[in-house]
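Worksheet for the structure shown next.
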Amino acid sequence: MQQQGTDGTGEPLVAMRNVGLRYGTGPEVLRDLDLELAEGSFHFLTGRSGAGKSSLLSLLHLSRRPSRGLMRVFGHDMQDMPARDVPVLRRRIGVVFQDFRLLDHLSAQENVALPLKVANSMDADRIDEIVQELIDWVGLGKQAQARPPTLSGGEKQRVAIARAVISSPRLLLADEPTGNVDQEMGERLMRLFVKLNSLGTTIVIATHDLSLPAQYGYPLLHLEDGRLSHESGGAA
Amino acid sequence: MQQQGTDGTGEPLVAMRNVGLRYGTGPEVLRDLDLELAEGSFHFLTGRSGAGKSSLLSLLHLSRRPSRGLMRVFGHDMQDMPARDVPVLRRRIGVVFQDFRLLDHLSAQENVALPLKVANSMDADRIDEIVQELIDWVGLGKQAQARPPTLSGGEKQRVAIARAVISSPRLLLADEPTGNVDQEMGERLMRLFVKLNSLGTTIVIATHDLSLPAQYGYPLLHLEDGRLSHESGGAA
Amino acid sequence: MSVSELSLDRDPSSRFVPWIVAALSLMCAIALGTAFALASMTADWGRAASDQVTLRVATGDTDIPALVDQVARLEAVSRIEHLPREQVARMLQPWLGDVAQVDTALLPLPALIDVRLKPGASTSELRALIADRSEITLDSADAWLAPLQDLAGLARLVAWVLAAVAVGAIMLVTVFATRSALVNQRQTVDLLRLIGAADGYIAKRFQRHGLRLALFGGIAGTVPGLIVIFFATAAARLQGAALLNGLTPSVAGWLAIAALPLIVALVATFTARVTVLKLLRASW
Amino acid sequence: MSVSELSLDRDPSSRFVPWIVAALSLMCAIALGTAFALASMTADWGRAASDQVTLRVATGDTDIPALVDQVARLEAVSRIEHLPREQVARMLQPWLGDVAQVDTALLPLPALIDVRLKPGASTSELRALIADRSEITLDSADAWLAPLQDLAGLARLVAWVLAAVAVGAIMLVTVFATRSALVNQRQTVDLLRLIGAADGYIAKRFQRHGLRLALFGGIAGTVPGLIVIFFATAAARLQGAALLNGLTPSVAGWLAIAALPLIVALVATFTARVTVLKLLRASW
């Protein structure tokens, strides 16, 4: 298992120096963050409800700019990144949102295919094939044509996960990805993440459920009072 | 602790006979349900993702009509209930939706006050007072004026719970009410439910997390293949 | 703590529907104003034509002053004027050239006596008076107005068509705006129902919203419309030919145009209520 | 598997915006048609008036047939007609009564000779010919048209104002519809950006959507508008006075009206693109 931080072979995938985030004129939700995610690492991000887990993930998937501090992603300084170059970076990041954010007017299958469609780097047949395989894998074969409003909570969550991993991202961020599924499915999904990690994907999973890190033993990033502390994991 | 079913003193709060539910022309999601919820009882509703927990709750809070079978709620036969009388019944039922369903344009406080506002049975000052107290209790004193899109997942969930219990409903239905909060807050919320139950509220909590029933020991309603089985709880 | 359960004010349609209604009301008001103004102008022509007759006396040995005296004494007559010879000559100029300087012997102009009757009075008395005097002819000024009446009538028709299209469009906008608001607010409406709001409670909110939008739009369009009509007709009357003298809507016309916002608002309220209740009643 | 990332077709504004655009286009087309038709009618009058002159000859011992012969041989003249005495009498009837039966000695009517000039030809040759003959006057038919010109001009002004209001309203609707669609689709747009869609990718979809709505609305309004104009002017020409003979838009006018949907569509596309890109550029 790899440790966070720069590994010997090159610079970290993501590096933050002294980063802070505030919403509007409110207090800083995140303060003085120093973080390095080495290529191929796997972290759990923990913290109480409202500690800032989702906020930190939103910085990592470039949907928000930090209020201060330096950030490097995939070797690019984000401070002087022109807006038109950001979409290309985002395509290399997969995200499972805490509230799923599926498009209600598209079927489960179409939702999953969306990142490939937007990246426009694959022909339609190949997309169909990959999507079908993944949909089956997360146990939604029967619901492939259903639209999100007709899916159960756990089914939506699995669609969201499938969409996040479909484009084999270099960085995968998942916010409470097993919060709405039963234990058996939760384990199945964790196996998917472990497999992707072994293929080289860097992974960060935010969760309030401390049994997960305890079980899998990857290192912890713990948020408290807006500050980050690093702990190495338990088992594994 | 009370058992489900008719107790000696009167008829059950909710009774279902041979109830089935299908969506559109699909297969039956719920089949041959027989269920009685005695006044003052407390049940956990379990089942795998997609088993039909949320669907059963939607029948109980009268947002959907069963496709077949008989249903009595608060002593009224729902088959020949005219649509205009349903709102009054709904006001006696509190619901925590799995996806929260908060109104994004209202503050947390206003969201919580909504059921009292709609029932129009209390003056504004009294409403403010009760709402403030409950908001503090779920730990959202600082976020009372925030709107849901600026709340964290767990904060939203607590607003949803506060809204469900604000009007002291006779029947409280909660769908994964602790899925997005950390363990400490989860226990706090469970204590709230237990307290309400001891004051006479009948409670059904749907969850895929089997540790909850194990910990609290209330009887289980278990859904599998669209059918319901009753089990008595563990501890307590 | 003020709770407005539906975020209708933030509904995107709220921002532009009033302005569409305003534009349509403006058009409708101008079109109606044009139609009403043309109507009273042609009514004016008609009235002038039927209240006004001309006695034409082939000049011979008729005693014109005596005749004028006689006619003036009739009950139906309100005013009488013997047109001076120069005026008669001027009226004939387009046809006969400058006859004022022509020798009377060469071109014996007839004497013209303009008689204005009391409103609604009949010409029978007058006709009786001249019945046995063949040198006097009674003319009413209808024939030469016909092409003008045609033209004005056509313009009026176009104005009415435009007004009707505008009113239809306003109703269309209202119906669709309500439906669109309801669709946009579907989740909020569903939630309100689930926590026990009655259909009427929800409908009332949409109703008020529709009323406000439409009233605002109606006023914002009709007021400038009234101003435009007022100044346009006034300008036309001032600098145009005498023909345009009656070019202004009647009092009833002004009121009808001013009532436009109210009508629009009523239509909107009613539409909103019916639309919402119909959609809500579909289910529990 | 067809993926349309934005549910723009299900956007509520998609359902009613085209119909508002259609109604506005219809009004605009009718107003423009009226303006153009009135323009060519009055141009026609002007042309008829300047191409047509009347020679009025005070009857004396002038040899009318010789004069007609002389005038007919002029290069500028295309047609010439000596109006019979009865017609002259009829023209004078409203003023002088039935003079046909009156003794010629008592009322010596002038001879009228209608001369139609070749289009654009000047009257100078003709004027030279009659310069030294004082009994002949040359009249052009301008004076009596003035009030009609006034009236038609006023109607044309109203039509232009209505057309301008309609075009303004169309632009307003387009801008607001785009903004409203963008607000309604805010979450979808946000999500598309988060999974890596470029701004241009998103803008293109709104653009196409705006183009489709506006083109549809423009055509659905303009085509009936063209039909209404065609039949209304044709009906007016057939049953109305000769005055209305020129009441139809010019070829350029027809084309301008028919181009309305294209203009509307271009405005919509451009508006959509600018609006969306501006809103998107605000952030990363």
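Lettered A, B, C and D in written order, each chain numbered from 1.
Following the convention adopted for this analysis, a contact is a pair of C-beta atoms (placed from the backbone, for glycine too) under 8 Å apart; a residue touches a chain by one contact, two chains touch by 3 or more.
Please read these numbers as outputs of a predicted model, since none were measured by experiment.
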item: Where chain A and chain C overlap in contact partners, by chain label; value: B, D
item: Maximum centroid distance from chain B, chain identifier (CA atoms); value: D
item: Centre distance in Å when chain A and chain B are each reduced to the mean of their C-alpha atoms; value: 31
item: Whole-Å separation of chain centres (CA-atom averages), chain B against chain D; value: 69
item: Computed distance of Cα centres, chain D from chain A, in Å; value: 64
item: Contacts with 2+ other chains: residues of chain B; value: none
item: Sites on chain C at which at least two other chains make contact; value: none
item: Chain contact graph, described as a line, ring, star, complete graph or other shape; value: ring
item: All touching chain pairs, where touch follows the definition stated at the start; value: A-B, A-D, B-C, C-D
item: List of chain C residues in touch with chain D within their complex; value: 12-13, 15-16, 19-20, 23-24, 26-27, 30-31, 34, 56, 58, 91-92, 94-98, 102, 106-108, 110, 137, 139, 141, 143-144, 146-148, 150-152, 154-155, 157-159, 161-162, 165-166, 168-169, 172-173, 175-177, 179-180, 183-184, 228, 232, 236, 240-244
item: Chain D residues touching chain A - in the complex, by the definition given at the top; value: 1, 3, 5, 7, 10, 187-188, 190-199, 201, 281, 283-284
item: Chain A residues touching chain D - in the complex, by the definition given at the top; value: 61-65, 83-84, 86-91, 95, 101, 103-106, 109-110, 113-115, 117-119, 124, 127-128, 131, 163
item: Residues of chain B touching chain A in the complex; value: 23, 48-50, 53-55, 98-99, 150, 152-155, 158, 175-176, 179-185, 208, 210
